[in-house]
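To keep things simple, chains are lettered A, B, C and D as they appear, and every chain counts its residues starting from 1.
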Amino acid sequence: MEYRNLGKSGLKVSEIALGGWVTFGHSVNDDQMVRDIVLKAYEHGVNFFDQADVYARGKSEELMGAVLRELPRHTLVISSKVYWPMSDDVNDRGLSRKHILESIDKSLQRLGTDYLDIYFAHRYDDNVPMEEIVMAFDHVVRSGKAMYWGTSEWPAARIAQAVEFAKANGLYGPVTEQPQYSMLYRDRVEKEILPYTEKAGVGLVVWSPLAMGMLTGKYDDGMPEGARLSDNENWAKQFVNETNRQKVRALKPIADDLGLTRAQLALAWALRQPGVSSVITGATKVQQIEDTAKAAGAKLTPEITARIDEILKGE
Amino acid sequence: MEYRNLGKSGLKVSEIALGGWVTFGHSVNDDQMVRDIVLKAYEHGVNFFDQADVYARGKSEELMGAVLRELPRHTLVISSKVYWPMSDDVNDRGLSRKHILESIDKSLQRLGTDYLDIYFAHRYDDNVPMEEIVMAFDHVVRSGKAMYWGTSEWPAARIAQAVEFAKANGLYGPVTEQPQYSMLYRDRVEKEILPYTEKAGVGLVVWSPLAMGMLTGKYDDGMPEGARLSDNENWAKQFVNETNRQKVRALKPIADDLGLTRAQLALAWALRQPGVSSVITGATKVQQIEDTAKAAGAKLTPEITARIDEILKGE
Amino acid sequence: MEYRNLGKSGLKVSEIALGGWVTFGHSVNDDQMVRDIVLKAYEHGVNFFDQADVYARGKSEELMGAVLRELPRHTLVISSKVYWPMSDDVNDRGLSRKHILESIDKSLQRLGTDYLDIYFAHRYDDNVPMEEIVMAFDHVVRSGKAMYWGTSEWPAARIAQAVEFAKANGLYGPVTEQPQYSMLYRDRVEKEILPYTEKAGVGLVVWSPLAMGMLTGKYDDGMPEGARLSDNENWAKQFVNETNRQKVRALKPIADDLGLTRAQLALAWALRQPGVSSVITGATKVQQIEDTAKAAGAKLTPEITARIDEILKGE
Amino acid sequence: MEYRNLGKSGLKVSEIALGGWVTFGHSVNDDQMVRDIVLKAYEHGVNFFDQADVYARGKSEELMGAVLRELPRHTLVISSKVYWPMSDDVNDRGLSRKHILESIDKSLQRLGTDYLDIYFAHRYDDNVPMEEIVMAFDHVVRSGKAMYWGTSEWPAARIAQAVEFAKANGLYGPVTEQPQYSMLYRDRVEKEILPYTEKAGVGLVVWSPLAMGMLTGKYDDGMPEGARLSDNENWAKQFVNETNRQKVRALKPIADDLGLTRAQLALAWALRQPGVSSVITGATKVQQIEDTAKAAGAKLTPEITARIDEILKGE
């Protein structure tokens, strides 16, 4: 495994992170299976485990936490997130100080740890003043409940505002942003986010780098028909169309040439950006995490990325 | 129930709040009756429960706290206040750092909670430097004992000074002011307070929106004579005169047209101000809180408010 | 003449100031008459001469400036103001940076001086951010075009905001406020303004301390009838009613006992407030300024002010 | 003409501005024709005149300045810009302190005025630290050479950074952004810029609101063939294609229903955004500016904008 600094921070994260989104508490509900996947990831050098309170409504934190608490705490980078509703209550959502401070205690309890390494604002909340948001996350860090904090799917302008407000007031500012980014969803990150974050030292931690599995090639022949779709597959539908299938099929020879699977190629492609610190993958089988872990360290030459660009822009 | 942001903060408060002033610990002294009223309010969507150390000298906090501690904490917005003497001791009053920090611990204990959502300075204290006051409330917030803080019956200039001093020094400033405001007591709020607070994002939480019951119509025929007056009625005396009785009677047809009681009309009238976040009502009977809860969400047209203005200004 | 510091600033202003409002450029349009009045005031120790661009649309500044420029500049405290429209142009009004910076140059030219001692914001402008207003007046001071700046008829909350914002940012803040204040118009100043300004060191410079002449007794028998009213008299009408006439007549024996005219009593009464630095009077005749200048230094005992309070509150 | 505040600043700008880009010094090179156009705009209430050093390499500033200097300065809002190379010199470009401070003096001289109302950074310059850029523009404002400053075509994150850095350091920050925005070029403004600028009080001044004339309908039948294209037409080519022609033709009935030309409709459409303060139009004939001036104040109902949205999204 290779490790990168999380942005300009001193924290080292594995290039490949294991996330609990749409897997743990969904199709992967068995304690033992979660244990096998987490430990296999750890064995391959994955140190970054990404959670959110809302993943399976707390169940994902609990399942993953049960395994992580047996590992040496200092070898782990554990993150969680706050924003999405956890109940119907009006204050049980968003980025008010009340909700942030109440939520981290609950995540810590579910995960069975005294502190997170990174606490993410899961979205931007236009309904709360920037000062309140930044001061609440600063409070989380000062109280020792998180080492760092970050943002997820925030507009670049809001990240900049948070960074500058924190700097101006001697507060802990965000050190990472977690956006969606993949070969099939690249524009927003490349045009709006990276041009700001890279220079500002805010490291990207990418979610859905495989476009919900589309980039693995598993939908080369379309979605499974007639069957009940898993959560993963429901998310994947947005990417499954003929245009994308052609692109993904065209990537195969490139991956083959490099001795990589298309999944590994897609992860290496996201990681070619120096502004990306880690890519988050999920796994429903032990084999998957073994395979993806191998993408760490794979370097793509300018010629390869040019060939890929050509394929991706093709209509 | 409808909810509003408390000023520009991210905290959502119910338009109708239940307060413990001059009811709990006074005429309502029975545990079960308090329980019935609080739970009925909660059932109707009231999430904001307003207290002060001085209400019945701590008894009101205790009675209400005994019920609130059985409800999920994150669904509640609990406030208390500090300023008025709790004993003859020279330091047991006012807004010195010593009194503020000592008092919140006592309020938390009486209420049986780890933190308040809002801690109010119950009056302005000209005897303490603004820096000391703001820094003490900032300390309360930083120590996690309150999520937010506010002021009550402060002159607008002092609120502005606190807001600006806090902003300039990276401290937590007040996000709410609690003034008296009703159809029969409107000038100070409309002329001095709202013109500053509304733009500054300091949300008003109004006390005595029913002018101590006068606006319900229950004194249409004057105060009860000969009888011993309740605490409520003693406060009400200031509003009971022939001029006001005529006004209140004149409001009846308007309320009737809207299918509201005069109490509901009076609450909706206070809530017509976007700068008002919530109105605090007391209740001595379960039925009262049920009735007032229904005022939430009632919208008054410009025509209606113009008719009311006409009645209120009438000599 | 007695002199006071302008609030906590180091500037000394005469207790009696001469203003150009509704006199110069109106009923007093003769160069020689202006000269006689200004020089007589100066001779009696008046050093504070108050102007505004809008007084007679610049004419008042020109008339007074023509006399003042012959006197030693350092012996004078010259003020002017900006806010009211000087033409129909959309930017020729209010407190935008553009209008403030453009207007002071014009006032300096009309007055024939290189700098003002005090530049007043003639009203608060809710249409311009406080930062823009304070930074523009700070710019005026930094550029040497005014020694100090102040406000006129601002709500206390806005004065506080300006003072605190300036302090927090190392900018020149307002050192004076110019409100209307007299025996017949006292509530706003005493209830809202002074409680803030006095402690904050913002000195009040009072306009209309004679309630547009009403307090001199000249309307004891009502307004002149049938005749065309002067500008002064048009303003005076708001104060001329039977209730006020009775009060003003009742003040005569008190003034007589003290060997003062009622005008002198009214000025001394305003100056009894330590938070008031100066009272501005106009004059249409030389004799007037001679008479009013003598009010400086007159002290009212607590007994006298109590008797006056009694008269003023009488319905 | 209607006027709006430039963002939250106190400066009032006409909804329709006259710009010198690709007209003055290009097809409009005649002193008299420029005079006629500028004076006609002024007569119709246009007070905002937009320039840049690079427009016709200074010629546009000179031509427009010759007319503007005859009008009362305080009735005008004059802007210019700096960034693009004015020669081959390595320092004669970009946003270095040197280039900014040297360039404004040249623009002032060409325009024949002592100060600009707004000085724009014509693009973001990634080669200069944000501190240097903001401090240089702050210097321009402090030296009295511009009343306000703004940005043009900056990423939202950079605007946010400039705003926050300025606020944190007591510097003058940007109050306006000048982006390209029209019915045929809307995404960047609506998705990235406005969501930040509107709440931050940074007012948009829109360039090319007519998509280089495409939206007037003049290319309904395609570009003129065989002829030598004007500068305007060369720019226009990017918008002239069959898809756009169909959209523009489909707008005609809507404009007709409202009694507007399509040009007027396009301007009113951009001005429907409260976050847009002004739209900049060019004119090569007196008649054009007369026509476009009439778009000011035209209000589009939600039904109309919905119909327009339908047309614009159509493939």
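Keep in mind that, in the parts below, a residue touches a chain if its C-beta (ideal position, glycine included) is under 8 Å from a C-beta of that chain, and two chains touch if they have at least 3 such contacts.
It should be emphasised that the depicted structure is a prediction, and the values quoted were computed from it without experimental measurement.
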Chain copies touching (subunit A, subunit B) - same or different residues, decided at half shared: different
Chain separated most widely from subunit A, comparing mean CA positions: C
Centroid distance [mean C-alpha coordinates] between subunit C and subunit B, Å: 40
Subunit C-subunit D separation of Cα centroids, rounded to whole Å: 44
Centroid distance [mean C-alpha coordinates] between subunit C and subunit A, Å: 65
Residues of subunit D engaged with two or more neighbouring chains: none
Those chain pairs that satisfy the touch definition: A-B, A-D, B-C, C-D
Subunit C - residues contacting subunit D, complex: 89-92, 94-99, 101-102, 125, 127-129, 132-133, 135, 139, 142-143, 169-171
Interface residues, subunit D side, partner subunit C - complex: 3, 5, 8-12, 47, 72-75, 77, 117, 142, 144, 147-148, 170, 172, 201
In the complex, subunit A residues that touch subunit D: 126, 155-161, 163-165, 167-169, 192, 195-196, 199
